[in-house]
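Encoded as structure tokens, here's the structure I'll be asking about.
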Amino acid sequence: MNDKTDKLIDKKGIRGDGRKADELRSLKLQVGVLSNADGSAYIEHGKNKILAAAFGPREMHPKHLSQPDRMVLRCRYHMAPFSVPERKSPAPSRREVELSKVIKESLEPALFLELYPRTGVDVFVEVLQADGGTRCASITAAALAIADAGVPMRDLVVACAAGKIDDTIVLDLYDVEDKLGSADVPVAYMPNLNAVTLLQMDGVLSSSELEKAVNMAMDGCKNIYAMQKEALKTKYMVVKETEE
Amino acid sequence: MSSLITKVRAKQIEQLLENGKRLDERGLLDTRELKIEQGVIEKAEGSARVYLGKTEVLVGVKVETGEPFSDTPKEGVMTVNAELVPVASPRFEPGPPDENSIELARVVDRGIRESRAIDTGKLCIEEGKKVFIVFVDVYVLNHDGNLIDASAIAAMAALMNTKMPNYEVKDGELKIKQGYKPLPMRNHPITVTLGKINNKLLVDPWLEEESVMDSRITFATGEDGNICAIQKGGSGYFTPQQILEASKIALDKAVELRKKLKW
Amino acid sequence: MSSLITKVRAKQIEQLLENGKRLDERGLLDTRELKIEQGVIEKAEGSARVYLGKTEVLVGVKVETGEPFSDTPKEGVMTVNAELVPVASPRFEPGPPDENSIELARVVDRGIRESRAIDTGKLCIEEGKKVFIVFVDVYVLNHDGNLIDASAIAAMAALMNTKMPNYEVKDGELKIKQGYKPLPMRNHPITVTLGKINNKLLVDPWLEEESVMDSRITFATGEDGNICAIQKGGSGYFTPQQILEASKIALDKAVELRKKLKW
Amino acid sequence: MNDKTDKLIDKKGIRGDGRKADELRSLKLQVGVLSNADGSAYIEHGKNKILAAAFGPREMHPKHLSQPDRMVLRCRYHMAPFSVPERKSPAPSRREVELSKVIKESLEPALFLELYPRTGVDVFVEVLQADGGTRCASITAAALAIADAGVPMRDLVVACAAGKIDDTIVLDLYDVEDKLGSADVPVAYMPNLNAVTLLQMDGVLSSSELEKAVNMAMDGCKNIYAMQKEALKTKYMVVKETEE
Amino acid sequence: MNDKTDKLIDKKGIRGDGRKADELRSLKLQVGVLSNADGSAYIEHGKNKILAAAFGPREMHPKHLSQPDRMVLRCRYHMAPFSVPERKSPAPSRREVELSKVIKESLEPALFLELYPRTGVDVFVEVLQADGGTRCASITAAALAIADAGVPMRDLVVACAAGKIDDTIVLDLYDVEDKLGSADVPVAYMPNLNAVTLLQMDGVLSSSELEKAVNMAMDGCKNIYAMQKEALKTKYMVVKETEE
Amino acid sequence: MSSLITKVRAKQIEQLLENGKRLDERGLLDTRELKIEQGVIEKAEGSARVYLGKTEVLVGVKVETGEPFSDTPKEGVMTVNAELVPVASPRFEPGPPDENSIELARVVDRGIRESRAIDTGKLCIEEGKKVFIVFVDVYVLNHDGNLIDASAIAAMAALMNTKMPNYEVKDGELKIKQGYKPLPMRNHPITVTLGKINNKLLVDPWLEEESVMDSRITFATGEDGNICAIQKGGSGYFTPQQILEASKIALDKAVELRKKLKW
């Protein structure tokens, strides 16, 4: 988080992209977009454009990574070279490795890992365009891909960030706010179970600001959750129509 | 490969071909439906998403500045990279590029480079020191066969969509002016691949056909109808006659496609 | 993980926790004994060895010169690297950093960076060209749980111990004067991690607890009591209430620790 | 292919190195040159100096690469650091990876892969000095190494390029022509089966020029084929003499 | 070895750090310093600070590296990034790879490799601070770590260098002498068996100088050997006291 | 290793040695036939192919320009790299250099470097900025034992064969004049390796002997008869007496070889 240079939110509480403090960016969710994956989803979250695919449960390769008593979830979060202003090398950066790990750990609580011992589920996330908040959008899409693959889940996982710009707690930071704001708090959440499965924070917040930000992020999650369910239903209905 | 498609399926494909038919009901010389969307990645300098049947390829172009190669000090640089992203197929694994993605990148590169599609002479900022570098990143999102043609078309569509800074060079200094201008292009190669199954040639093989085919051959042709790149692939062979036949089909298909695309 | 600790052991830990007790007889909110030795590597610009119970971490700091990042041309650079050295655990293998050591490095980095612990503005030699680079190398020598807290404390202790050339910058030229001066610091973050086992929160989990715990959460707090970094880890979850509770505990423990350490 | 700067072929049809348009460079082929390989061959093709060694059919390592229904051929084309004007890093370049693949695919049609299920043959090609046309010379040598290893073959594979310099179609381009000419067409061929197993093209050719070039390259192949057989015979006779 | 610039040893035979020609640097040896390793040792040899840990005999991973008729010893010599004046990349350098090999080969003669077929022992050496002579100090510590792991040994292995500075043969070169002296001869030795298990030389020595250096190094080894045994005894006694 | 040579073979070798004989009928102190061909790679600045019995090593030398090391700003740079090319042995695998090829390269390097064979002071173009870099690439083409001696001799033969641009340095500018001149050399080290089997020392062990030998020891000696590098290898040991004996034999063999080679 850098020093803020200009005002990120004006006196009327309107942000650089025209949103109010507690307003989500526009979202578009699609399920079942790739024919070769067992499950897949596409998300446009603001200008973020992200594809997620799930494969499995299937035999693990290499085999020695499988576990005798549970399924293994593997995740890869990967950015396309053209997804960011300066071309990114396709080799995984340390940031991508960390995000792959926290995304995996945000999804695991939703899975019945013990139901499929010795198998693996692979989730691949490809960020085609990045606009701030990619990890959250990736989790929202990855959960849909896993559901689309037919892997039983306790709940969907949905993610959204809140943060602080110019002393205001706001929802769903975009690129500029992410860079110039004073804190970013990505949250992943399972609404039915009231369970936070990812929480990180960059920047500086007081205790009470943190509480406010987490609550705001969870509210954002609940809104996106409705869209997730809608996206699944839409695909299901389309599939059903096709089948009839 | 018996592990990927049953021998029954292979036989079925071969019998259909004997009667001039294909599993997906195309004629032997028909390409699948082609759909091109340009400018899909707003933040990249250029981009295009191509659907060839169910095969789906996204190409993003980034334009940056850097050093020229020492043997072409006055020319910009183009570099093509391809990733067989694991979302595209259960057989693709994450990791550094393997021989398939490297071959794909190099064949796409060759068609663009040898046809001199990009006017690299116009991408020089300061001779020997600073030029524009055009990064063409091929991202295969869904693999349903014939990645070469889908990628080559997507790469060209992305380059044709590429805007770059409206720069001016004065005394070797790069001055960025307002607005953008298109990447300077001077040719528009079109790439056509044929497969061979049981001595039958077929255009635009899809995944099921690829899994039983002997070999493939790719021709890139420029606007003047000349051939600018060829690549034979696969563990089979072609007779000299089949090569001539394939080249004629490929040139015809390229003309047909060029008309459709208005390239 | 059943392969690391018998289920019997897991049950034992859980039953103790029900009664507010832990295997090593600590209370739920007690940290293990903390011992800090600074200046243990005389040849490094700074160093510290931290013992947190049996967990042992050595951090060495090197100060070199190099180029700043293009978006912060007037600021020095700090970089944190962590190695899970194979002497520390039979489960650590030699090789390039894996996701665990990368996460560890990045969480330590975040606490220092976001609290602006180092006054990087004072590490500029020539704007945009030459700055001091502070390499913080975290070396885990014995793994008995809670590597994050031990590493974060060791990194801060090493930075506070770091001497650097007593330089003067005149006309963009670096002049090394006699003697050394301390690295310019302006904040001293303290990092506290809690684990969750069967919905019980416990401070500073050790290895046996880590092997059965659902998840962990880490808070770094600055001198002003503000939070400057959070990291949830592990394949479990927290309820929103647990997060608030955990943050309160962590802040209290940080205040307690800050007093003890006089940071 | 760059712009031509000087004339590469003079009015009398004589090229920079004194050859006529359809003339091969001098060739030297030797079989069985390495004592530790199951089969080996050495080729000097112009100033190209290339060693090829074949090992197998043998158990594959790692095992999971073996195929239940056929033999696996692996090839590595590799250039020595001192083989080119500017020292080459020993790490495989993208060019070397592609050439390894097309060389492998040019040799596979000659093998009875289904005869040796679960086994592997490894072919290693080391370019000791490069002078244009290394892939073709590598194929010519690799086929001899495989034959020398006693692996049954449908036919030898032989390779040669044709190309275009100064509007003339010529055979077997050397270094300078390869760099400054306007097209290069490497061809691998099994003469007995009239089968083209490698065909690539760099540069610009019309349809009819391509036809001419391919035909010229195949004629070149046939000439080299005779030398290949001679080299095998020579080794066989030497071995026979030794045995008597 | 560079040209000497200043005198490294004065007229009275006193070296830069105050030692006489045949004097060892101060040493400190500790056994059993790490709780997670099967065996461990810490050495301070001059300003060298080195940790060694031994794991095993245990099942090898990956399995295909195990040998049907003997135990496999693996060693890694690794320098911490902060152990040397200029920060060292954590990736293993060629020097570290060579030293790992010669250290392994200096320890193998002390082990009954044939007693534990199909198993492996891993020895990890971490140089925390380097001051010249790290390979010798590493061997001294590694042998203790192996002994501490309870792996039966023919003898301890102990190592020390001798060398030449300003035409004088001296014992146990430190950093400055290592860089500016004219020869360095590291020697590893099993005193009970009178067996030299490591011998290397950098620099220039006559035959008779070499003989003198090797003898001086062996004498140094014998002195350190006494300290090794003391360190083992100390740990054993401490353990015994604890048990009582 | 029982997997490489039957124990019967091992016994046979040992029994022969008891009688002062070897499998290939050499005496214990005899080297195999040595053949050197220089200039075999015309396009390299220097090259040599050495046959030591059936062991075959090719060394190519490239001379380029680059930066000196910061601690030797006035000296050219030499770097030795060795590849155990997979054509040379069924046990060599393609891939980055392993510990064997790294040790080989470093022992060859040490002999040349410590004897100051190359006059690197004459390879400086501009102090601290630009010097000649001599790349010595050792390429093992057939492995029949004693790669160290074959490689060391081939490296020296290639360096002695190396021509470099006939340059002149004026005001720190490199001027290339017509023609070539030899690389400036001032010593010609010779490297001799002995193996130990059952307490017998033998010169120039070949592959079958290597597979049963306890250990080896290598001595490089300069023109003045001084030793400039030693390397013990293998998982056995030498008694102090054996080391002295081995050094004497190695020095004698080096004198003998030096006469033969006229180095």
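All chains are identified by letter, namely A, B, C, D, E and F, in their written order; residue positions are counted from 1 within each chain.
The criterion applied here is as follows: a contact is a pair of C-beta atoms (placed from the backbone, for glycine too) under 8 Å apart; a residue touches a chain by one contact, two chains touch by 3 or more.
Bear in mind the structure is a predicted one, so any value in this text is a computation, not a measurement.
Using the contact threshold fixed earlier, the set of chains in contact with both subunit D and subunit F is empty.
Least step count on the touch graph, subunit D to subunit E: 2. Chain geometry summary: the mean Cα position of subunit A and that of subunit F are 58 Å apart.
Centroids built from CA atoms put subunit F at 48 Å from subunit C. Separating the CA-averaged centres of subunit A and subunit E is a span of 51 Å. Chain centres here are Cα averages; for subunit A and subunit C they lie 27 Å apart. Under the contact definition stated at the top, the residues of subunit B that touch 2 or more other chains are 97. Within subunit E, not a single residue touches two or more of the remaining chains.
Chain contact topology: the protein chains form a single closed ring, every chain touching exactly two others.
The touching chains form a single ring; listed from subunit A in the subunit C direction they are A, C, E, F, D, B. Subunit F meets subunit E in the complex at residues 2-3, 72, 97, 99-100, 102-103, 105-106, 110, 114-115, 215, 217, 222, 225-240, 243-244, 247-248, 251. Residue ranges of subunit C in contact with subunit E, taken from their complex: 40-44, 47, 54, 56, 58, 60-62, 64, 81, 83, 85-90, 94, 96-97, 135, 137, 139, 141-144.
Across the interface of their complex, subunit F is touched by residues 1-2, 68-69, 94-95, 97-98, 100-102, 104-105, 108-109, 113, 185, 190, 193-207, 210-211, 214-215, 218 of subunit E.
In the complex of the two chains, the subunit E residues touching subunit C come out as 34-37, 40, 47, 49, 51-53, 55, 58, 76, 78, 80-87, 90-91, 122, 124, 126, 128-131.
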